[in-house]
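Some notes on the structure that comes next.
Letters A, B, C, D, E and F mark the chains in the order given here, with residues in each chain numbered from 1 onward.
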Amino acid sequence: MSAPITAAAPSSDALVLASIANSIGTITLNNSTRRNALSEVLLDQVIAALDDFKTKEVRVVILRAFEGATVWSAGHDIKELPQANQDPLGYSDPLERALRAVRAFPAPVIAMVHGSVWGGAFDLVASCDMIIADETCSFAITPANLGLPYNTTGLMHFLGRLPINLVKELFFTAAPIKGNDAYKWGIVNHLVPSAELEAFTTDFATKITKKAPLAISVAKEQLRILTDYQPIAAQIFEQLQEMRRTVYDSKDYTEGIQAFLQKRPAVFTGK
Amino acid sequence: MSAPITAAAPSSDALVLASIANSIGTITLNNSTRRNALSEVLLDQVIAALDDFKTKEVRVVILRAFEGATVWSAGHDIKELPQANQDPLGYSDPLERALRAVRAFPAPVIAMVHGSVWGGAFDLVASCDMIIADETCSFAITPANLGLPYNTTGLMHFLGRLPINLVKELFFTAAPIKGNDAYKWGIVNHLVPSAELEAFTTDFATKITKKAPLAISVAKEQLRILTDYQPIAAQIFEQLQEMRRTVYDSKDYTEGIQAFLQKRPAVFTGK
Amino acid sequence: MSAPITAAAPSSDALVLASIANSIGTITLNNSTRRNALSEVLLDQVIAALDDFKTKEVRVVILRAFEGATVWSAGHDIKELPQANQDPLGYSDPLERALRAVRAFPAPVIAMVHGSVWGGAFDLVASCDMIIADETCSFAITPANLGLPYNTTGLMHFLGRLPINLVKELFFTAAPIKGNDAYKWGIVNHLVPSAELEAFTTDFATKITKKAPLAISVAKEQLRILTDYQPIAAQIFEQLQEMRRTVYDSKDYTEGIQAFLQKRPAVFTGK
Amino acid sequence: MSAPITAAAPSSDALVLASIANSIGTITLNNSTRRNALSEVLLDQVIAALDDFKTKEVRVVILRAFEGATVWSAGHDIKELPQANQDPLGYSDPLERALRAVRAFPAPVIAMVHGSVWGGAFDLVASCDMIIADETCSFAITPANLGLPYNTTGLMHFLGRLPINLVKELFFTAAPIKGNDAYKWGIVNHLVPSAELEAFTTDFATKITKKAPLAISVAKEQLRILTDYQPIAAQIFEQLQEMRRTVYDSKDYTEGIQAFLQKRPAVFTGK
Amino acid sequence: MSAPITAAAPSSDALVLASIANSIGTITLNNSTRRNALSEVLLDQVIAALDDFKTKEVRVVILRAFEGATVWSAGHDIKELPQANQDPLGYSDPLERALRAVRAFPAPVIAMVHGSVWGGAFDLVASCDMIIADETCSFAITPANLGLPYNTTGLMHFLGRLPINLVKELFFTAAPIKGNDAYKWGIVNHLVPSAELEAFTTDFATKITKKAPLAISVAKEQLRILTDYQPIAAQIFEQLQEMRRTVYDSKDYTEGIQAFLQKRPAVFTGK
Amino acid sequence: MSAPITAAAPSSDALVLASIANSIGTITLNNSTRRNALSEVLLDQVIAALDDFKTKEVRVVILRAFEGATVWSAGHDIKELPQANQDPLGYSDPLERALRAVRAFPAPVIAMVHGSVWGGAFDLVASCDMIIADETCSFAITPANLGLPYNTTGLMHFLGRLPINLVKELFFTAAPIKGNDAYKWGIVNHLVPSAELEAFTTDFATKITKKAPLAISVAKEQLRILTDYQPIAAQIFEQLQEMRRTVYDSKDYTEGIQAFLQKRPAVFTGK
């Protein structure tokens, strides 16, 4: 899909690399064999890195893929999804926990994106405070490929960032949106040439480290509350939950998961 | 638990009897062998009767047990509850559908209660607009006996009627509350002697039939909205749903259901 | 319905008397010929008295009927209700304005009730912060007699004070609730003998004048917000508003108003 | 305003044409004499077509004007608006019912837009899940031309799609927004040349038919709830409703309707 | 005020005693010299005991005063309140933290009350799930004595338990409500003779220990959400906060605190 | 930063000039010595002008800086901010009052922007209904430079206009956004050449004066309610308020204010 930035693939055993420099914490998704799929192990390492950064009073976090990745992340590790009859996006699902860790982190988290971002990984970068990307970036929301019922707060993560008609296009088509369009629609804060991505992002993050951290932290938290805690009528929520259950109990859900694992197109029947 | 009002038990095959007189529809729970357990069949007959009453512009409904019942209703038909790993109180559960049918019925529904009211049957009478009972009445909320996670709207049905500390006592002890206390706490609108229960209720209903039906209907609907649609922050709702799932996936839930069916005390471990 | 407290009926022309003594403002409904019906003129005088009390930093208000009144107030002046096709309880309706003036008054307002309280007058005393009454008191909500669709905030005034099943009984039967029951259900804070009503109320009010007025004022305002501003889903509100419109556009509404004015029983058809 | 796509005007008597091919339902507004004004008859045919599509498990709907239309739709049929003293956008108004039918349809609805879209028709296409348009498109919200108070949920349809300052410009100026600007602001998902509009839209829709219909359906419903059911404080809603009533009871409302019907500029006085 | 239950006053240095027996944790407020005033030290010991109980899977907690106490607790330690210009009931205030610890404790907490309960201690027992008391009990809310602006969630703790007119009487008069009235109004779940209080409470708690702990825990949490997280319009909340600030910045607040510490009546001016 | 539009600086003593022509009211910020800093005096003059315009039934307001200003407004008058321990953005703060006056003004308010807009002035123009600007414009949100905790409704003013990731960038970097980007992101409705700004704005405003004022007024009010009154869970609001307090009580806040007044870079420590 794009030329590798560097030839060298990462060699470490860890799925995630974490480092701190100049009050900037960097988390690197580093699992090239699985294309940075968001497995429970990888996500727990992300969460652990954030926890560590918190104690060290890091002022900004950059979340990135290893150098040379053409897929920023392949998204949810489909093999870990329940095969049927269980909510695939429950509150304590590893991805959900990671999203909350990013959203509640008391300093800005910047997603630095080179390459394609799939499914749950789009929710992850959308849960970052800002996205800086290069021209190779693309973003897709894939539940419509899998027959998977998305959770309501997950949908809210997109509603706050994008006009609702674009959210719908992304969910209903599962088609990737490419760099320029992602920038036009505001998914991406800054679109910079590949060669400048890292320097631009570091410079951008450095400027934030000079600003007042407490004022930033409380503003981030206020915005989180305003977007994640939007109230919904109780009876309607229970109705939505039942609708979601009929989806993850359906044949289509099983078919979607199976087809993905067998690398063939799914055939959906609406049952 | 109480002396039978009349010696004659009902003989019909139907689990529910429905009749209309003087614009008053009467639904009689009529399954003495199962102590009016709220099985799907019985509840669908209740719903069907309400649907029929709606087309016939009944002005008040009386919901009662057959004459002589000492148990008004034994509550949820435990045999029909999922044994594990599925929400026992999903939105389309028969009891939930029946509660909504009563709550959304466009005219007042009066529960006339002689005898004991257990578990889901308490939610049913609490979903009626008013309760008229005699001294034999008692009411118990039994999820704490079964290890069953109640649904949020179900809890709201009680919160609107009772002080929260009483709601908690009822849920946490599963102990029945008897006539005078039920009246003191306002569960029951009127407590009348057994011998007068039927006449009092009919007279009470008759008075309502003279009143303006449209004004009553819209007030009932407004109150339903104000109580059933209370908004809750989306993320918190998903957290509650996950907590509920851990309960219906627990060993205690299985133990509670098994113990009930085997008529032995449950032994709970909190796992 | 009750023995007159004093033989002398009030002779003044004003529909409302207002006076201040010891930081206690007293508003006396004083229109015996119309049984203190809540006409626009009378209500504007109530509002004016409250406005005046506010500038004079009155610490408690007592709202009462003239001495000897057996009807505390007959409620909405039915002659002033729209005959058809217009919301009879719009936001700027005089009664609604008076209710808001009482609820937003920055000090406690005590309703002192001797005699019967009808319809909109019940909403008025329920909008007072506390009710002190004697054994002659009774309270009725009468829209079901008139075919009048109540407004949603009006229903909320009762929901916050009473269990929902009692609210429904009051609305669906339009029957008066008498002294002891009113006390049992908590409509009335204190039920005292007629002969002591005035002294008890004055003493009660005097104690409040010694307390911290700012702390009281902000607590009252917080409680007002918590009860009057309960959020409702926008689409559902519009649906309720349409339901209400079909009621005030109905034949029954016209019949209800006409029957009342002609002092005959209404015959409702549900159309 | 633009060259006709085809010379042939439609000849059928029906105001709306409906057809299904390859799981795509197409609804064609087909009333050239009235410029596809949204009369009750036309809207009921739209609703009927949607109902029919639902039973036939159509996977996507395309809503379009007849070929060659330069006006996609002229909007609300002004002749059917109440002349005065009644809410012109009540919950059961035909347009409101049609908007809800589109919004609640259990599969995506795509508006394919060639030509100008006026007033209520803008609300109709904004209620579609996505809009695909060509360079001839324009969109205007016209209540400020008519003196008509818009309903709150109607405003919410635009708030979710557009920045609030643009919503205000559209409402306050009633000026049409043209193709490129509509695309820039995200009103339109895709702007394609006229000659390609139909093929592009069909291709776009076809891709959706391959995706998992249940997952799409529940996501659409969740987004509908999140946008249509936003809670508002009850007392404030009643205040807004009263403000709206003063508008539709005003001289300006009558003037606006009359001027439109008489094809002359309205002269507003703010009374 | 009442005869001591036992002659022996507690001798331990700890302000709070904690013990576990038969899955029942008991926390005893044990500071007779300060009449169990809710100082930061005492409250932190309560919180610590709850934390410990949580790890030990206690199934019920009893919160009580030491034997022989005639004052269950004197409430907030006034000496620890800010003298001026700072919110005396901020979110991290020790009492607020203790209230949240009780409310969020994953098993029922029963307040066992002998003697008088003042101010913040009333909020503490109202935050317990149930109250069991004897005839010596009394309860008072005292901010109107101090000129202290209560916090909004604190008011909500009372609104969910009591009719609003009683909440207002309690706040506006600061007068204690005694045993029978407390029982009548539902503040107290059970009113039992002093001699039986301990046995009754232990027996009551023991029954709960046999019930399903997970079902109880999730119901308690659901009820907490429904009561503590009621949504309020953001702008109105900021307005309330400002009103509260004017109160704690007022002369009356300083006077109220000073008068209390000097054991003299406060003289309030409303400034 | 931009060429002066006219050489002549304003000479009047008034900080604000107000005039009306053709139903258009114009408010000119006119304090060149203080770069139109939003001091209490200046803001009270803005509010007074709006009050005056309201009585004169102005149909549109234009809010602008004096001709030749290169800084549209420098924002909050930092000298007037509390130095510590008090909410710098309380509900009755002059800027807050001015924002509400603009937002609640019953006709559209257009910000005409030439030059740079800083801090609170950005909130002021964002609270205007529409912004028309020229290529010299820039906008910055500066609390992260000052260590100042923004208020929740203030954040909401931006959330409704911009994608959340841009809101975060603006808050977290405090960097100015320039003309083209401001237009791209929808901050600005129209970006026109400097030479045409005044004529374009006047023409735009004039068109609005021809439209129906009541319909516009109610739509503006509905949109205000939908954006300013978004509900938030009470307990969470109190938590946010406490977080904000820790910020304005912090050393960083004092440092931020001092550094600004001393025209040196602040050194923040997160304490």
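The rule is simple: a residue touches a chain if its C-beta (ideal position, glycine included) is under 8 Å from a C-beta of that chain, and two chains touch if they have at least 3 such contacts.
Which protein is which chain? UniProt says A, B, C, D, E, F = Enoyl-CoA hydratase/isomerase.
Here the structure is a predicted model, which means the values were calculated and not measured.
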item: Pair in C-D, B-C or E-F that repeats A-F, with over half of contact pairs matching by residue number; value: B-C
item: Of A-B and C-E, whichever chain pair has more C-beta contact pairs; value: C-E
item: Distance between chain centroids, defined by C-alpha means - subunit C, subunit F (Å); value: 44
item: CA centroid of subunit A to CA centroid of subunit D, Å; value: 34
item: Where subunit A touches two or more other chains, by residue; value: 152, 156, 229-233, 236
item: Complex contact set, residues of subunit D against subunit F; value: 143-150, 152, 155-156, 159, 163-169, 171-175, 185, 230-233, 236, 240, 243-244, 246-247, 250, 252-253, 256, 265-266, 268, 270
item: Subunit D contact footprint on subunit F (complex, rising order); value: 57, 59, 108, 129-131, 160-162, 186-187, 189, 204, 207-208, 210-223, 225-227, 229-231
item: Parts of subunit E lying in touch with subunit F, wherever the complex brings them together; value: 85-87, 90-92, 151-153, 156, 228-239, 241-242, 245
